[in-house]
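Across the two complexes that follow, chain A remains constant while its partner is chain B and subsequently chain C.
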Partner chain A sequence: MIQKKICMIGSFAVGKTSLVSRFVDSIFSDKYITTVGVKIDKKTISVGTQDMTLVLWDLEGEDEFQKFRVSYLRGTSGYLLVSDGTRPNTIDVALKLQQEVETAIGAVPFIFIINKHDLIDEWKINESDIDHLRSKGWEVIKTSAKLGQAVEEAFLTLGARMLGT
Partner chain B sequence: MKDSTVHELFDLLNVFVLKRSDNGTFQPLGSIPEWFLHLFPEALEPDRSCAPEEWSPFLENFLFDANEFWNKNKKGRTFSGPWIEKDSAGREFSLEASAVCLKDGKFFVVENLSKAYEVQLKLLQVGRDNSLYNELLEEEVRKRTAQIQDREEEVALRLVSAAEFRDDETGAHIRRMGAYSAVLAKKLGWSSGEIDNIRIAAPMHDIGKIGIPDSVLLKPGRLTDEEYDVMKQHAEIGGKMLAGSKTRMINMAHDIALYHHEKWDGSGYPSGLPGDEIPLSARVVAVADVYDALVHKRVYKPPLSEVETLGIMKKTKGHHFDPNLIDIFLDSLEDFRKIAAYDGSGKLPIV
Partner chain C sequence: MSDQNDKHTEKDVDIIAGQESDQLKMLRSILIGPEKDRIAHLQKRLDSPEIYTKELSKVVAEAIMLRSSNDNKIAQVLEPTIANTLKASVKKDPKALVDAISPIMGPSIRKAIVNTIGGMIQSLNQTLEYSFSLQGLKWRLEAIRTKKPFAEIVLLNTLIYQVEQVFLIHTHTGLVLQHVVAKEVETRDADLVSGMLTAIQDFVKDSFSSGKDESLDTLRVGDRNVLLNHGPYALVAAVIRGTPPPDYTVLLDDALDTIHVKMGGVLEAFDGDAAPFETVRQDLEYCLQAQFANEKKKISPTFWAVIGVVVFLLLSWSVFSLQNYYRWSGYVKKLSNAPGIIITENEKKSGRHYIAGLKDPLAPDPDALLKETGLKREDVVFSWKPYHSLHPEFVSLRIKNILNPPDTVTLELENGILSAFGSASGQWISEATLLMRLMPGVDGFDFNRLGETVPDENEQIRHMISSWSESARCNALEKRIEGTIIHFKEKESINIPADQKSVLHTLLFDFEKLFQLARLAGKQVYVEIVGHTDSIGTEKINLHISKKRAEAVREFLAARTLETGGSFPVLSQPHMCKSCHAQRVKTIQDNFKTVGVGAGQPLRKEVLEKDRETNRCVTFNVSITDIVSDKDQHE
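Entry: the complex of A and B
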């Protein structure tokens, strides 16, 4: 079976770990336990008739305390670029990280995730911000790790992109 | 040192050490720690070669960095950064790998971080919780500041409207004045704080009209020379009303009220200031005020077309107006048109 390495990339506390937990184990916790270092999970998905194993690298969020380690990206086939709709600056961090990743490993498929859709009333970004992201030709998906909304869709869409379909 | 001492030492340090031979294979040093066997039960079966890259995708990745490091043959140690490994029951273990290069040997070390990890986790957790909290506070401050600003603007506009409703200048003119001035200020490169200031201050330009008697202010038809002199006093009256404040916005409103009828060539009133002796805020408001008066209907005149309006403004460019501001104004015409269309109902087009 084919294996693909996927990285979870984004600012701290946007929900990278929560998205993986929801996707792999169907669980969610409201308590914030930050990730230190790297956590790797695996999950098999089917894209069309093709089965593939995703090797999910949950990386700790970039912040003032911890620098992003480019060497973790080696062999990455795709990534979820995760931001938090309630914190507009996480979009800026995502944009910055996207550039860093592209400089390091070139253009590989990614999906722009805006997480915490269940808190839509507290979102500080609006449709025109999202249109702006889409105008770059990027796929933008609004997810809620809490409710499980569009989480599977996000990973499957990335899976399909990595297969070039 | 005895081998058994070395093993005991490794055990105590919670490390599993492998020696790397020059052909790139690995040999465990000392006994294999229990936690390692627990996590990677198949790793070291007797008939298998010792291949760390097969133990975990994380190690597979780190070995690229490690090999690069060993190949440099420089004494030292490089770390993988921590990673989490789960056992078959889903319990999490925090580990870190490192590559060591000594004069007579290269080593690969896997360390069970346990306590050290928890300390690092706690520190980062406190740091990140704190950052989140700061973000929240900043957002709250931003929201409150915006609220206070809205309230200030509202109070100012209501007071000014009360004064101006006495003549034909409507509340809509007053609100439009703030918007035009803000457009010009932005093009001038003012800070957002200064733009907010002129947005609130510009509507006060004619506040001195409050001191002009009805017989003059509301007189239909032409004013006599004496009446015109009385009318002109609104600039100085406004200046006095707004003088001596410690607030930057009110100081700006003072300059605007006092000097908005000055002209670039020095032929205006009340002081006959020429050129850039006229405060910039007042020069900005002069452009906005005349434009708005020309394109709208007044008791003494019908509205002029845009072509006529622009003709007049360009013709008096260096006499009445700061020429640089007229260029900026012409550059902002689209915004001015939108603002001019605002009739006082609904929302003012924000630019």
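Entry: the complex of A and C
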């Protein structure tokens, strides 16, 4: 079976850990327990006829004060770039991180995630912001770790991208 | 004329030609006579296979050597022939081949058989040896007490070292290429462990290493050592319980070398498919070594004799005391056995008994006990001083209240050492560990056995990573929070403007993170919420407004964290009853103080209306202190 390492990247408290728990264990908690360092999980998916094991590196959220640990990215085949629709500045952080990642390891497939879609009423970003991201040729997926909405889709899309299909 | 002339000429030529060919022949034989012989000789050599073969045989080896150094053609060309030859040869007479390869196969087959049988005999021996001995009985009890299989207890007690698992990890991606486990060893998911091992190395390399070639060689997780040997494309990690002999790492190096030689190309091109590495399983399995101790300690007869004497003395003493002080000493005994009562003086003076000592408020009533014995109250004079008992029963009670252990945990207090058995979450264990340091009546604690039943490597390793840097992060968060300003645009307004709510929202996450990290670092967090106003208006009113602004902010934060199930202020006092809402509100009030400073500490000098607008705000002061324990306070 093929294994691929993928990373969860994004500002703090955007829901990286929640997306992983939803995807791997189908659970969600309202409680915020910040990730310290990195937490590793895995899940097997099927893309077409190909089975593959995703080894998920859930990295600690990026804060201005903390230098992003580039070495955790080594050997990554793809990543989810996660932001929080209720906090517009997490989109800026995601954009900055995307560039840092690309400088560090080159271009690998990624999906731009805007999380907390269940709070759409409190979202501070609009469709034109999203169109702007799509215009870069990026895949943008709106997810809710809380409701499980589009979470599986996000990981499967990334899986397909990594296989080049 | 011309005809004649012509004829003449022809003839002449003929004659000349005739003359010339004869001369040439002569000349030729003079000039190239020897060469001609040699050519004839060469021709003969070429035509005669015997001679040609003889000649070729002199150079064929050198020729093959030369060609092989240039390309692989010869091997390709010969391959089918050699294969056919081998087949034919084996068909004709297999014995020749067997003879040829048995020196290589023999040892490896022997090794495999010896390993298998050796392992079987070893475990059989141990089980037999310890099943019926006194030692064995003790371990059976231990097994029942700790709810572990007997075999594991035997293993733990006789083990010098055991290599439990060996990983082959792709250095670049941290993915597992191959993983082997010793028999009867329980393991976690190899993929996750491998990932964490890689993450730790990255972390250590980033944080401590100066040179590029430095790498992590050993690692301790709980009572296991992890040895890491690095190769160009892969590393082997051996998880070992106990201490292996120093030359064990040579064994790992050998395995790693072999694997790199065998799989060099595959390793270099690895793209997530670990199937080819099935072939190196055996190399790794060979690294699963173990060694057990076999010494048996006999209990000496003197020991039994001493025990016998002690028991005898105790018996006669108690018979004696029963006879002489049946009632009184029975009572005193009862008293001193009662939890929370310590008798410091016990005298008989002029027919009256004087008893002085310490008494815990929770202890049973001495008067009531006296009545039961039938002794007269007038004969006894009590003098009690109140104190906090360290009686195990009381301590246990207090520990239970404070630690609030989950159902899966059994606590046992013995000689001041608190042991925990069963299983619990890493978080509970770390909280409990912290709290135990502050408990009077507990001199030490042993959560090791608890840790073993919850060997969540992920958790332990993460904890290791985190403890290096919590304080630094706390300080950074502190700075960020102190840089946050909540603006109150409207004059005299004490309602939080709608556009400031998202700032508070983010602030809430900051507090969550700060309180959690502080707890990990063993620190306490206090926050002062400071309200400000502009300089217009009377001081009294400004102080009032500013205080109200600070309170509004605290109200918002508290409501939001209670409503979303946020945990931050609660976690700073982890033993607190988490479900008690009222208590949580109080904790928030304790950790978040509000003050109003009016126009006393303006952010800016007020010149324009814009400056006044800026000064209408709420700011934050954070202080992070070490948790002060009771013990420290007394000392």
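We adopt the following convention: the second predicted complex is superposed on the first by the 163 of 165 C-alpha atoms of A that agree within 3 Å, B and C clash if a C-alpha of one lies under 4 Å from a C-alpha of the other, contacts with A are read in each partner's own complex, and residues count from 1 in each chain.
Criterion: a residue touches a chain if its C-beta (ideal position, glycine included) is under 8 Å from a C-beta of that chain, and two chains touch if they have at least 3 such contacts.
Here the structure is a predicted model, which means the values were calculated and not measured.
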Room on chain A for both chain B and chain C (clash or fit): clash
A:33 touches, of chain B and chain C: first, second, both or neither? both
Touching partner for A:4 - first (chain B), second (chain C), both, neither: second
Which of chain B and chain C A:147 touches, first, second, both or neither: neither
Touched partner set for A:119, first chain B, second chain C, both or neither: neither
Which of chain B and chain C A:74 touches, first, second, both or neither: both
Touched partner set for A:55, first chain B, second chain C, both or neither: both
Stretch in clash, chain B with chain C, out of 1-9, 109-117 or 217-225: 109-117
On chain A, positions contacted by chain B and by chain C: 5, 12-13, 32-34, 36-40, 55, 57, 63-66, 69, 71-72, 74-75, 87, 89, 124
Residue ranges of chain B in contact with chain A within the complex: 56-58, 61-62, 64-65, 81-84, 92, 94, 96, 117, 120-121, 124-125, 127-129, 131-132, 135, 139
Residues of chain A that touch chain C when the two form their complex: 1-5, 12-13, 30-34, 36-42, 52-53, 55, 57, 63-66, 69, 71-72, 74-77, 86-87, 89, 124
Residue ranges of chain A touching chain B (in the complex, touch as defined): 5, 12-13, 32-34, 36-40, 55, 57, 61, 63-66, 69, 71-72, 74-75, 87, 89, 124
In the complex with chain A, residue positions of chain C that touch it: 170, 172-176, 189, 191-192, 195-196, 199, 202-203, 205-206, 271-275, 458, 462, 465-466, 470, 473, 476-477, 479-480, 502, 505-506, 509, 512-513, 516-517, 520, 564-567
